[in-house]
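Here subunit A shows up in two complexes: once beside subunit B, once beside subunit C.
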Partner chain A sequence: MKRPKIRSPGPTLWGIGVFLIVLAGAAPWTPVFLLTVLVQLLIYATLAYSLNFITGLTGYVSFGHVVFMAFGGYALGFGVGTLNLHPVVGVALGALVGLALASGIGLVTLRFRGVYFAIATLVVAVAALYIVLEIKELGDGQGIYLNIGFEPLSWFYTIWVILAIEVALTYWITHGRIGYGIRSIKSDEDAAKTIGINAARVKLVLFAISGLFAGGAGGVYWWTLSGVFPYQAFDLNFSLQMLAMVVIGGMGTLLGPLIGAVAVYIPSYIFLTIFSGFQFIIIGLVVVLIALFVPEGIVGSLRKYIPEIRGILE
Partner chain B sequence: MTRLLQVSEVHKYFGGVRAVQGMSLNVREGQVLGLIGPNGSGKSTLLNLIAGVEKPTKGAISLDAQRIDRWPAHRVVELGIAKTHQIPKPFLAMTCRENVAVAAMFGSNKQKDLREALGTAGRVLALVGLEDKADVISSNLTVQERKRLEFARVLGTGARILLLDEIFAGLSPEELRDAIALFMKVQEEVGFGALVVEHVMRAVLTVSEHVVVIEEGMKIAEGTPREVVENPAVIEAYLGAEATHAST
Partner chain C sequence: MADAALFFTDLALGLLLGCVFAVIAHGLNLIWGVAKVVNVAHGEFIMLGAYGAYFFNVWFGFNPLLSVPIDAAIGLGAGVVFYFVILYRELRGKESMGPQSEMVTLVATFGLSLVLINVAQALWTGNNVGIPWSPGIIQFGFLQLPLGGLYVAIVSVVIIALSHVFLSRTYLGNAIRAHSQDIPAIQLVGINPTLIAAVGTAIGFCITMAGGALLTVWLPTGIYPAMGNLYAPISFVIVVLGGPGKMWGSLAGGLTLGVMIDVGQLFLGGSIALAEAIAFLTLIPVLLFRPEGLLR
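So, the complex of A and B:
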């Protein structure tokens, strides 16, 4: 019997690792304009991996991730603006707030399945804006302006570290014993429970991890904009873009969210400079087409139709 | 120590529907207990209650004198009681080996090492005659093979008390003969106790030491397979009152 390889870092992990290390080395010499684009791309990649933990791995579609991102931004705003923390500490605070929120929201919403879960998270996302608008300490509906400098390299290395940890954690979770448990839950939650998997706990932990990284990414995002503003921060388009990235890249895969982030961010960045709003029509169309014809996304399809590279894309 | 599952005076109501009304039975490790009854008599509900999928309205379920009736399903499995599904629920994207390996990793076996779990899975699949399908994706299996995979998966958990929900249903006469022989061989080898819910009389009467008959959620008879098929109450439950007169 051919023994399956277990826990030796696969080619995909090496590939992403080399890619990230090259980026980190090149960053100080990168022109500032390109560096800011790169920072945005890494933020979107972090958000895509964040959603991948829950939606990609378990199949629970969350529209609520914009909430963790927005509160990550508000935590940064409060931490830096009111508590005079360093922005990096503000980002860490944002991640912790994302973790705490996701734990609380997940505890309630993860009792629902399928479309009911999706609706519950959507309701949370819509309601959260109106809650924040009423909180005096969080800008009293006006948002928080921060007077912090333009530091593309600090942004870059902060989001770089978050993304690197996130990718490593994704690999570790999907390639171990717990990865089998997660795949069982995605395949048939009831059957998973009846062979001894604590599905409720596994889902909650994944959702909480997901919130942690979305909060961190949100912190960096609003740091780059030197403030956080309610209507922009709770814009549901963020949730939709995260979903688009995960679906297009390949749900539950290690490489998919990165590919999806590139595939969604770069074109929408180009379209944004031509006419704003048009990019969402394109993204929407692409997601519909992918969902109809290649539901496995880019990475999933490559694995399915070219079995020779299956091992590489694990 | 021989494990003992005890169900005593268990009731389950779904709103106004009294699915189970005061059932009691015991299953010892090593013993096969048959549970028969007409459609809708509460057999599957009773299995779900024992497995922790549903919670009883009243009554107690215990394993070795420890109450388990309020425990979630995954904890019940960890204790060593595992249930098959009436309609097989394989993890479709996984191979048979992986299906059983997950059970070995998370059931009462709790094998932390992937290689060890995959090894266990290979042995269990060989035991149930699925060794040549071990690396086949389970969505490609036939219904009969899926039923065997269900059986393999509960064995993979390391459970000592199995709750088997119609594992012999829908088989052709030859397949049924093979399945019964296989079941008895595996039971002898592994020595598990089992509560076998079944419609196929030939199967349940062959494999069980003792049979309990349930109708409308109540026990109407019990005994050896022979005693049970000759019991007038049982014939009436299955075939109606005229049949009872006809047979006497």
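So, the complex of A and C:
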């Protein structure tokens, strides 16, 4: 059998690259309304790729990803509101906070496997909300109101850069030697350890990267809303949406999270304008159905049932 | 002295509350033990139980204790439906849960939980409701305890004791326990594992929804669609504290958590939120150092 070359940029990477570059080129001429929708789409795509690092690649289901996003937002709020930083610096601060938090939480919770990890992350997410509610510097129950202007182009290019780095990193990880190691952890962690893969370190690095991007995306998200509010920031619906995008698109694939983000965000945006709250019922039902009947997601199923296009999806 | 009185009052309240927590966690514990599935939508079934008690109160004037058997019956039905709709496809013919099945059930029940929250929000709005029922106060020396809470605690302990008797003294109960230990072996002695898992799940849901009804006594204005986001983590922590699959573990864990929250807020300047956060985070040291639970 001829082995595919490691890391030769495949059609998928080219496709995503062209898509992103076209978006970046078209942004200054896009109507503002459409641009804000695009910004949201890119934020969700960033979140989906972020969850993909840990849940998609290693199979560790994290319900607590909203924590990194929320603290990314709080870092932005604190940095811009109290330290008077530029919002972009605030977003970078948010990403660093996400990284630090994920390293800390991951160091402890990644020792647990399967359901215990999922429960631990869920419990951390709920506990984090209650702790933030008590912190005066973070505006306790009120949150932080920021007075930063409406600048969709800055939002767009900030999240664009974050997403571009993230996609490149996903490509580098999934298509490199380390990708084989990570997939072996997903299949059988003990077996992976016996062939010399440092599973604990690989998982921790992935979780930390995941926290970095979720923090950055959270920073941009709360920048677009010009403030951070605790109950909304720690809303577990964000975790559901991230999970939905990764599960629907295809876990652990390069293209999956982007397809998932489009497939989840665009319909939910349309529903949102018609009947608020309704979109989560639909997303939830679709997640249940996809998880039960097509656990490989869109990209995984295409790869499985139409072998001819496997090469394109690499 | 006043401080000591306050301390003992909070201790007693914590123990009473802990009994109710034990029941809601007991339902999760059973499903976890028998079907080997962690139901992430657990909190939403507590919420449904609480809304059940609320509507029986509005329609028929039932107090929460009267709603318990009705909720329990609804729970039995809900459990069977849940087992066959969500779990059956993934669990049939499996002798143990692989990581793939674990992930599928986690993601599917998480999806279900958000469906239920948002359906409840659409049907009953996001506003808090509650049941105005307070049968008075009972005085033990300086201790003043709400009589409603006392009744509920007694019913809770009875439910856990009954489930214990059922599981250890009846044929069906023994079959359920055997199922949780060794599935191939029960097939050898002619027990249908699907049936047993369905019955176990149904009983778990029955206890969960009964617990939801009992909980309403403590929630004069605290029934709302997203309440599961608080009570599901409480249940997870209790089950892990007591040890998954150990029936008395839920009572031990429930009492521990009830006391931690009620006495803890006394030392944290009256902040229940902080006490709850700390109680939740005890999950992590317990998982790290005593993953089999506090009970042996």
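Note that in this section the second predicted complex is superposed on the first by the 312 of 314 C-alpha atoms of A that agree within 3 Å, B and C clash if a C-alpha of one lies under 4 Å from a C-alpha of the other, contacts with A are read in each partner's own complex, and residues count from 1 in each chain.
Note that in this section contacts are C-beta pairs under 8 Å (C-beta built on N, C-alpha and C of every residue); 3 or more make two chains touch, one makes a residue touch a chain.
Note that the structure is predicted; figures quoted are calculated from it, not measured.
In the superposition on chain A, no contact is made by A:F150 with either subunit B or subunit C.
Of the two partner chains, subunit B is the only one that A:D190 touches; subunit C does not reach it. Within the superposed three-chain model, A:N198 lies in touch with subunit B and out of touch with subunit C [touch as defined at top]. With both complexes placed on chain A, subunit A has more residues touched by C than by the other of subunit B and subunit C. In the superposition on chain A, A:R177 contacts subunit B only, with no contact to subunit C. Per the touch definition, subunit A reaches subunit B in the complex via residues 1, 3-4, 6-7, 176-177, 180-181, 183-184, 187-188, 190-200. Taken in their complex, subunit B has these residues touching subunit A: 51, 53, 72-74, 77-78, 82-83, 85, 89-94, 98, 101-103, 105-108, 110, 112, 114-115, 117-118, 122, 153-154, 156-157. Of all the residues in subunit A, the ones that touch subunit C in their complex are 59, 61, 63, 108-109, 111-116, 118-120, 122-124, 126-128, 130-131, 133-134, 186, 236-237, 239-240, 243-244, 247, 277-278, 280-281, 283-288, 291-293, 295.
Chain contact summary for the complex, subunit C toward subunit A: residues 38, 40, 86, 89-90, 97, 99-100, 102-104, 106-108, 110-115, 117-119, 121-122, 229-230, 232-233, 236-237, 240, 271, 273-274, 276-278, 280-281, 283-284, 287-288, 291.
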